[in-house]
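The same subunit A turns up in both complexes below, where it pairs with subunit B and then with subunit C.
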Partner chain A sequence: MMQFRLEKRREPSRFMLYATPVAAVALTMIIGAVIFSVIGYDGIGAVREIFLTPLTNSFKWQDLGVKAAPLIIIGVGLSIAYRANVWNIGAEGQYIMGGLAATWVALASHGAGGWWTLPAMMLAGMAGGAAYGAIPALLKTRLNVNEILTSLMLTYASVQLIYYLVRAPWKDPMGMGFPQTRRFASEALLPNIFPGTIVHAGVPIAIIVALIAWFIMSRSVFGYQMRVVGAAPHAARYGGFSENKTIWLAMLVSGGLAGLAGMLEVAGPFQRMVPGFPTNYGFTAIIVAFLGRLNPLGVIFAGIVMAITFVGGEVAQTTIGLSNSATGVFQAMMLFFLLAGDILVRYRLKRVVPQVEAGA
Partner chain B sequence: MTLELAIAIIVTVVGASTPILIAALGELVVEKSGVLNLGVEGMMLVGAITGFVVVFTTGNHYLAILLAAGAGVATSMIFGFLTLSLSANQTATGLALTIFGTGFSALAGQGYSARPVTLLGPLFPSELATHPIWRVLFGYSALVYFSFAMVLAVWWFLKKTRAGLILRAVGENDHSAHSIGYSVVAVRYGAVAFGGAMAGIAGACFPLLLTPQWAERMTAGRGWIAVALVVFASWKPFRLLAGAYLFGLVMTMELYAKAGGGPLSAIPAELWAAMPYLATVVVLVLISIRRDASSNAPACLGRPFLPSN
Partner chain C sequence: MTLNRRNLLKIGGAAAALPLLGTKAFAQSEPLKVGFMYIGTINDNGWNYAHNQGRLYLEEQLGDAVETTYVENVPEGPDSERVLRELAQSGHKLIFATSFGYGDYVIKVAEQFPDVTFEHATGYMRSANVGTYNARFHEGRAVCGTIAGHMSQTGKAGYIGSFPIPEVVMGINSFVLAARKINPDFTITPVYISTWNDPAKEADAARAMIDQGIDIIAQHTDGPAALQVAEERGIVGGFGQGADMSAFAPQAQLTSIIDNWGPHYVKTAQAVIDGTWESKDSWPGLAEGEVQIGPYGPKVPEDVIAAAEAVKNGQIDGSFNIFTGPINDHTGAEKVAAGVTLTDAELLSMDWYVEGVIPPA
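For the complex of A and B:
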């Protein structure tokens, strides 16, 4: 029998670093089809509708852009934080607070808005998300409280804040009793960049955010600091980089970008604040950040892949009656395969030649 | 306050606390072995849907609990294989497990929503619980007594047994444990499987003990509170018991506030609903102020073990 042994590489394989995400997507499609067939679904149909139809059907491309934009923006922020070993998993809450802050500006300026409304909403969104990210940062740097738990708990609390605001103080009096705010005035709504489509200004903004982040992370002292503190904290301390400052920067940047995504969503597709505003973009963006190898350019591709599974999940729901939750299973499988493949980045498989025992 | 109301409140608190306590006890053992599994919420959801489907089709509650535990173990083994055999990042793998459990349970539970089952009845014969006071002691289902027994069992295992000592050694200093001949990976597999079984049972508490139906994401973040409770209890089983009941009390106040009336409804229902999560943050802050929170944490927590050969 052939035997293999893992042997540590002297340095991580760059080829494997970028090959494993591609392999993870391919494996998810193959093994997903098998598993879904085994448990009684149309496995091949599910994979075809979820992964391929959104690409082959050009009517779906605008959906892809609209779904990918918030994932890319949040994923870029998270990739910066995770690079620095800061585990912000409350991006969903920061996205919500950004959306709420932008809603506040839109409602307060209703009827008195102008060219400045959207920029003001954008600033408010980023500030809201960053402020919500600042709480775990403060607790982590001052009291060494685990940021994973605090950022996540604050997410659950922020969902309740939406429910409260749209039920009572922000409720649309003309809304026939629905718990939602009024539709934003036209100057508080994102313009569509292609007439006749649903592609809003958030789509180019996402690409620009990723490109800027890529440039900063690879070319600036800030990016260097984030990477060094994450990869080699001891060396970073020698080099004079403050760990606390890094935590602050990581939480403010990732929270601010999640807040920006929240503003773009509420002023774009939603056009008002509703109880269904939390759409799990903040959690899915965690997969996006990993699938994109914590690299802003990789995040663009990962965001598009993840948007494909979302749009495809909706397609599969209408065409073959597959539950939307299948999308989550496929997304988790992708992350499992990616994490399993990580070992090939650091180790290589080496064939062990069995020693023939003397006298055998 | 009448006696009847007081007893009704106590019974509700016990019900709300039990799943958190069971899940947190499992995670405590996992963390004592040096592994951080953030997938508790996902394993609970897999346990919840398994327990529901079994009781829906067979009507046998104890079989449902057993198979929910098995489903929890199976789910935890995905995490175990990735982090222990392939030394993948534990934080990311735990998150992936929660995403998986959420999606899988929703997919498996398709078509089961709004279908009622019966709750698990009291363990003791009803003659023992005729008087209200006795009901507080003897009026619960087996899951509640199981949670108390497990507090004792986990404490006894970790403190008094050789196996518990080895498990703690693996969590405190994996390389030393390895060099004196213990299999670090095997011990951690065992701990992760135990955590999975407990999370599965904790998930089954939701359809069997609390609301007799299936709803997507019905564990509503309780798995995450269980993870936080382990830190809150500084890895001690009896403090875990106290913490779980503190949270059960807060959640019960939310229920009474929503039901309306009384001084509790002066605060908006949404704030009560947010209270367990805000309380978790406050509690984490308080224990950090009191002392260095990490001082009692297993030294190898979250660190992958790679025998240097």
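For the complex of A and C:
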């Protein structure tokens, strides 16, 4: 019987490192087309509608921007944390807390707002997300509790908090008993960048956030610290970088950015807090961060690719009647090929010659 | 004069050759593209399934005059706005948005597409090209409540709701009012799970309430999960919501409330084709056949069926209304005086529970 084992490559090829995400997308398109053809759908049509129509139809660009913006902002934050080997899985919860904090500002200043309302909401959103990210950081640094578990579980707590707030203290007085807050006053709503479209101020903010993060990560001591702690924890310790400090920074930055995304969503597309506010951006952004190679600039492209699959998935439903689950299949395939590709970039497959062990 | 079925019928009167001519004229004119947006999947065997049955009925009835599309699993948020725009941009001139939380987005997109007609199910906001429609499910709840009042051993029912919105509260109240006409000590415990469709949560809620001693379960969520638990645990039973769910709970389903959206979809599409559509709220019930009572389960005795049928028929001929006073609220204070019936407007903003409801914390 032939046996294989994985052997670590001494130096992963830089070219392959950046080629894998592209290859993953390409493979997803090819294999997806084959699979859907085999099970009796128009496979090539599905790939065309999901991956190309959102790009070729100019009506869809605004949707891509709006859908990609929160993914990019959260993805940038996560990529910084993951670089430092801090596994914040609870960006969804931090996104929700950011949205709730911003909602609080909007409701409290209702009727008394001004030019300062949006900046205040933005600060509140980041503070809310960062504060929620601080809980796993505290538990990790003080009690050594795994941040994957705590950050994930806190997400569910935050969802319940929305339900509580929109049903009782924040319920819309004009909403006929419906569980939602009132619509924000105009000072608390994000302006549209291009009149006649739905592109709100959050879209350029997402790009700016990614650019700043890229600059900081590649040019500053902070970025160097995050990268070194992640890549070589022992060396980092000798170099005087505190591991606890890194965890704190990673959680606060990724939480704060997720909170900012929450603020932009609630003040942009949602315009009020509703029970349907959690839309899994925080979880999808995990794929975005990895697809973007944990590089803020890569995250911009990865966010757009994910947005394409969402928007395209709906196009495929209306035009060729492809089920919504197909979108999920394509997204999952993309992550699968990416992770599989990663393994092969870092390791090589080596044939093991079976050895006869004496006395076995 | 444009060629369409209506005008041709006007000209032709009883001429025998007309159906042929009509078909031909239809083939030449553009079919009306009708879009449907669902919050869950069409295989949920409940709410979305029923809407999709309505869509198929529309295709069957109007044939080549319409072309339908649906998009499923659309969350109640900005995603729905995008889907609505996608449908409007791709030439759909009539769009049905079939969940409550789509409201804000329907109004928003409708402003951008004044030549597209939108209909929002269970909503309350209308505009020049947005109409709303709903069904009087609470009439069906009165029938279910009657059966529950007769059959429950413990006199306790559980009710799984999504959100405490008037439509849901109305159903709970109707159910317990009907049950208490049979058993004055009957109580109901609502549980809100904050989603329309999450089989795991629905089943968990059902189990927890059964453990607390309820023996009847009702739900205002989309699927048959609660009924399956009722079947498995062998309690007295429950009720199908939206569609006949007896396949999932052959013993436990006592009866079901069936949403029959098809006729409304046909009427609306025809009105759009004819150019006679106008924005209004449509709220038919048992009498119009938009709400139907499914077959009774094998456990339901003859006399209970007779009592249930009497409540059903009373609502159809107008002799019985579940919301006629005296009605007390859950604290026991009189809310509706004897002989007074709540108006539609009062029902549509109902935010209080009747006596017999144990309000959730």
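Rule of thumb we're sticking to: the second predicted complex is superposed on the first by the 333 of 360 C-alpha atoms of A that agree within 3 Å, B and C clash if a C-alpha of one lies under 4 Å from a C-alpha of the other, contacts with A are read in each partner's own complex, and residues count from 1 in each chain.
As a working rule, a residue touches a chain if its C-beta (ideal position, glycine included) is under 8 Å from a C-beta of that chain, and two chains touch if they have at least 3 such contacts.
In this text the structure is predicted, and so the values were computed from the model without any measurement.
A.B. asks: Decide which partner touches more residues of subunit A, taking subunit B and subunit C as the two options.
C.D. replies: After superposing on chain A, more of subunit A is contacted by B.
A.B. asks: Is A:329 in contact with subunit B, with subunit C, with both, or with neither (first, second, both, neither)?
C.D. replies: First partner only.
A.B. asks: On the A-aligned overlay, A:340 touches which partner chain: subunit B = first, subunit C = second, or both, or neither?
C.D. replies: So A:340 only meets subunit B here.
A.B. asks: Could you look at A:45 and tell me whether it touches subunit B, subunit C, both or neither (first, second, both, neither)?
C.D. replies: In the superposition, A:45 contacts neither subunit B nor subunit C.
A.B. asks: A:149 in the overlay: touching subunit B, subunit C, both, or neither? Say first, second, both or neither.
C.D. replies: It touches subunit B, and subunit C stays clear.
A.B. asks: So, A:168: does it touch subunit B (first), subunit C (second), both, or neither?
C.D. replies: first
A.B. asks: Per the contact definition in the header, classify A:233: touching subunit B only (first), subunit C only (second), both, or neither.
C.D. replies: neither
A.B. asks: Please report the subunit A residues shared by its interface with subunit B and its interface with subunit C.
C.D. replies: 163, 167, 323, 325
A.B. asks: Once bound in the complex, which stretches of subunit A touch subunit C?
C.D. replies: Residues 59, 63, 66-67, 163, 167, 176-179, 183, 198, 265, 269-272, 274-277, 279, 310-311, 314-315, 317-319, 321, 323-325 of subunit A touch subunit C in their complex.
A.B. asks: Mind listing the subunit A positions that touch subunit B in their complex?
C.D. replies: 87, 89, 135, 139, 143-146, 148-150, 152-154, 156-157, 160-161, 163-164, 167-168, 283, 286-287, 290, 323, 325-333, 335-336, 339-340, 342-343
A.B. asks: Sort out for me which residues of subunit C touch subunit A in the complex.
C.D. replies: Residue list for subunit C touching subunit A: 35, 41, 69-79, 81-83, 85-87, 89-90, 100-101, 104, 124, 163-166, 169, 194, 348-351.
A.B. asks: What residues of subunit B sit close enough to touch subunit A in their complex?
C.D. replies: 38, 78, 81-82, 86-89, 91-93, 95-97, 99-100, 102-104, 106-107, 110, 216, 221, 224, 227-228, 231, 268, 270-271, 273-274, 277-278, 280-281, 284-285, 288-289, 292-294
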